[in-house]
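The same chain A turns up in both complexes below, where it pairs with chain B and then with chain C.
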Partner chain A sequence: MSEVQWPWQYNFPPFFTLQPNEETRKKQLEAWRDLILEYVKKTKTGIVDVQEADTMPLFCNAAISRKLSPEGIQAVLEMLHQKGNAEPVDKTKVRWYIYWHTLSEWADIMYQHAQENGLVNSVCTLYELINTPDKEFTGLNEEIMIKILERLQKDEKAELILSDDRSGSGVKFF
Partner chain B sequence: MDRFEYCTFELAPDESIVIKHLTVRLYDGDNKTQYQRGELTLTSHRLFWQKEITLCLPLSYVQNIVEEEKSMFNLTAGKRLILFLSKAMPGKSLGPSASSSYDYIKLSFREGIQNEFLEALRSTVDAKIWTVQNKSAQQTKLREIKTRTGIVGIERNIVQKQQETSSNINNAFKDLNQLMSMAKEMVEISKNISNKIINRQGEITEDETLQFKSYLLSLGIDDPVTRTSCKSDDDYYKQLANELITALIEPLTSAGGTMLLTDAYCRINRARGLELLSPEDLLNSCLSLDKLPDSPVYLKTYTSGVKVLQLRSCEDESFVEKTYELVVQNTFVSVEQFAQLASVSLVIAKHRLLLAETAGKLCRDQSIEGKYISSATGDIFWTCTVGNIVSTCVYHDSS
Partner chain C sequence: MKRRVGVGAIHKQKLEQEKYKDKGSSIQENQLEQLSQHLNTFRDKLESFASEYKNDIKKNAQFRRHFQEMCASIGVDPLASRKGFWSMLGMGDFYYELSVQIVEVCLATNYKNGGLISLDELRTRLIRSRGKSQQHQEITNEDLLAAAKKLKVFGNGFSIIPIRRGQFLVQSVPGELSLDHSQVLQQVADKNQAYISVSILENELNWTSERAQRALDFMVQEGYAWFDSQSPVEHLYWFPSLFTECMNADKDSS
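== the complex of A and B ==
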């Protein structure tokens, strides 16, 4: 896991205040989106909890004693949701899945991986997939992996075999 | 007894003998004294007691005269008078006793009191001839001083004039009507003061003199518009609006183009001096500013509801530019800092910062303490690199 390259905005105090001006806020939120996706990609973070988010270095810059307010975090996540980069786990919108690739992008990546590695028409476990070395999805959150595979299943490119014991779950690519 | 003085029986030029009485004894309060069987002489100013020595009591001490009450146990009743006296004056000449615990003396008449004497005493004390003569003596003294000439005379003249001036000022402030009638004198006095200030440039710095002069000049409207001099309310407000423009255009320009309505209210009333405007009249006349052709000033209401007078030449865009430049020079500012930098009031400072924010020129920074809101330039800020940040405005958000 390499160090996160903080963009210059991260050290700019107003970045952590949700801007009232619409134009300015739009640019601010875009900057946040780039930062968050870069961050979760580097740290392989799959789920963000709004209530715990202010302890994450992502939303809290101790060096300039600024942190993004819960409203700010909510606004950023809503914006990510619209772009397909985030999804609330349930209706309370406290926990969010964050996708640095959108689900359809992920589905393509997974299927391509299956084709390139001769996994088509054979069964492999989720554990196997997640622990494939040196891939972008290496160490991916299990729940997100299931979401990706569900998407593939919808397109009839794979079939998910879920067992009560998570580690026993597997997938068959078509 | 301490009010008595040793003296010789000599009358002053304006003193005259009223009545005499034989065989009288003096009492200090209730106590007998050694002064008995003397001759009592009442003059217009004093009461004398004579035997081997002469004592006298100035009548100015006498407060009240009472005949001693008759009673069954008091056999000497009807023979004594009680004289209640005021405190001994400091600096009186030597008398038979230095101090006394009593505030009264008694006169005991061996043969009983003669009614004539009692009445004469009472009427003499009541007449208070000595007070009249004291006054006239003082007046003659003053008259002598007035006729004096030379340096002392000139000095006295100056002192007298100063007293007149100060009493004029006092009178003027006692009554506004009087001030109206004295307006001319007052104007001259104020001119004198300003002349004196100019002459003393060495002592006061030139800047201060100039400042004071400009204050004097900026105050004062020669002929204030009044309601009675106008045909209708509408006319009145229009004329007032014209007056506002002439009176306020200069302070408005020097204040950077914006002035709170409350400030304008103070200024215009200060300038008018006497014919004061009500806040409502001012507001109405400000509203009619728009009806005037080519009015250089107009009334503006901020989103917060605060009303200001603004120069038409200063549009929002120019304020945004100015604000932006100021903030860029200082990297970031709070409202308080900005108010100082731009020399405007807090309300106006906040409004200008919000204006620049709305225009996308600044952005805000609100920290955990809720204290700061900061800003940077919209386009440049969000797309530039760290080195080029042309930020930020930090200001207090009261909301």
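== the complex of A and C ==
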């Protein structure tokens, strides 16, 4: 796991206050988007819980005593949602899936991986996929992996075989 | 003396006045002629000087500055026109090129500073984007100021705000800054920090809190300043254009 590259904004105190000026807020949210996607990619974070978010270094810079408010986090997540980079786990919108690739990008990446590695027409387990060494999806959150495979299933490029014990679940690529 | 009355006397007075007038204008003409002769000689001398040291003017930043200063002290602007003998200097071209590069840098950094950039940051970025040869590197702040001033012809979309001795901000978005607004920027720079608050303005400038608040709200509204509600003491207003990490940041790493 490599280090997160913190952008200059992370040390800029007002970055953690939702900006009243619309134009500035747009720039602010864009910078947050870049930072969040960089962060979840480097730390392999799959789910952000709004209620626990102020303990994450992502939303809280202790060095300058600033943290993003729950409203701020909500605004950022809604924006990510619009761009296809996030999705609430359920209607409460407390827990959110974060995708540094959108689901359709992920689906392409997984399918290409299956083709290049002779996985087409054979069954492999979720555990195997997630633990493939040195891939971008290595260590990816299981629930997100299932979402990606479900999307491939919808396109008839894969079939999911779900078991109660999620890691035991498997997939067959077509 | 016998008092002279009647039509004849009035006529005579009138005639005398006219004669005085004639004499006056002929003296004036004389002086003007002399002056323009002086000017012509001077122009010739300046021309031959300029052409003789053409290369030095182009290449040597210090020499260029002295030459500019000399011209300024006698009220000649070598950049005022591309026509005439100045064009052969290529001096105009030098500054026109700089002006274009200044606009480029301002546009490229607008996304993070909202259209305000310090002259120092502008210079660093501009030099980085120019070629590597020595001639391209020797750009002084004076050169930039001279070039930036030329951009005023495009209206109020471009201006230079002095903030401290020898320090300037270049504003590249339309909208005139009032004296109050410039003073806010000066205060920020004076503190050598990137933020300011209502109470700082009250103390330093003897402003009422309403006046300070109004000026700061304007800075936020125009996108020059960011609002920070998390300082334990009071609300702060931050200027990315004066925030060191922002000044050094490149697009690809942000």
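Assume the second predicted complex is superposed on the first by the 174 of 174 C-alpha atoms of A that agree within 3 Å, B and C clash if a C-alpha of one lies under 4 Å from a C-alpha of the other, contacts with A are read in each partner's own complex, and residues count from 1 in each chain.
In this text, contacts are C-beta pairs under 8 Å (C-beta built on N, C-alpha and C of every residue); 3 or more make two chains touch, one makes a residue touch a chain.
Keep in mind the model is a prediction, meaning the values are calculated, not measured.
After superposition onto chain A, the modelled positions of chain B and chain C overlap sterically. Once the two complexes are laid over each other on the shared chain, residue contacts for A:Gln5 go to chain C alone; chain B is not touched.
Judged by the touch definition given at the top, the superposed model places A:Asp34 against chain C, while chain B stays out of reach. In the superposition on chain A, contact of A:Gln112 is made with neither chain B nor chain C.
In the superposition on the C-alpha atoms of chain A, the part of chain A touched by chain B in one complex and by chain C in the other spans residues 8-9, 11-14, 16-17, 19-21, 23-24, 27-28, 31, 65-67.
Residue ranges of chain A in contact with chain B, taken from their complex: 8-9, 11-14, 16-17, 19-21, 23-24, 27-28, 30-31, 65-67.
Listed in rising order, the residues of chain B touching chain A in the complex are 357-358, 360, 363-368, 372-376, 378, 381-383, 385-386, 389, 391-392, 394. For chain A in complex with chain C, the residues that touch the partner chain are 5, 7-9, 11-17, 19-21, 23-24, 27-28, 31, 34, 65-67.
Interface residues of chain C facing chain A in the complex, by the touch rule stated above, are 111-112, 114, 195, 220-221, 223, 226-232, 236-238, 240, 243, 245-246, 248-249, 253-254.
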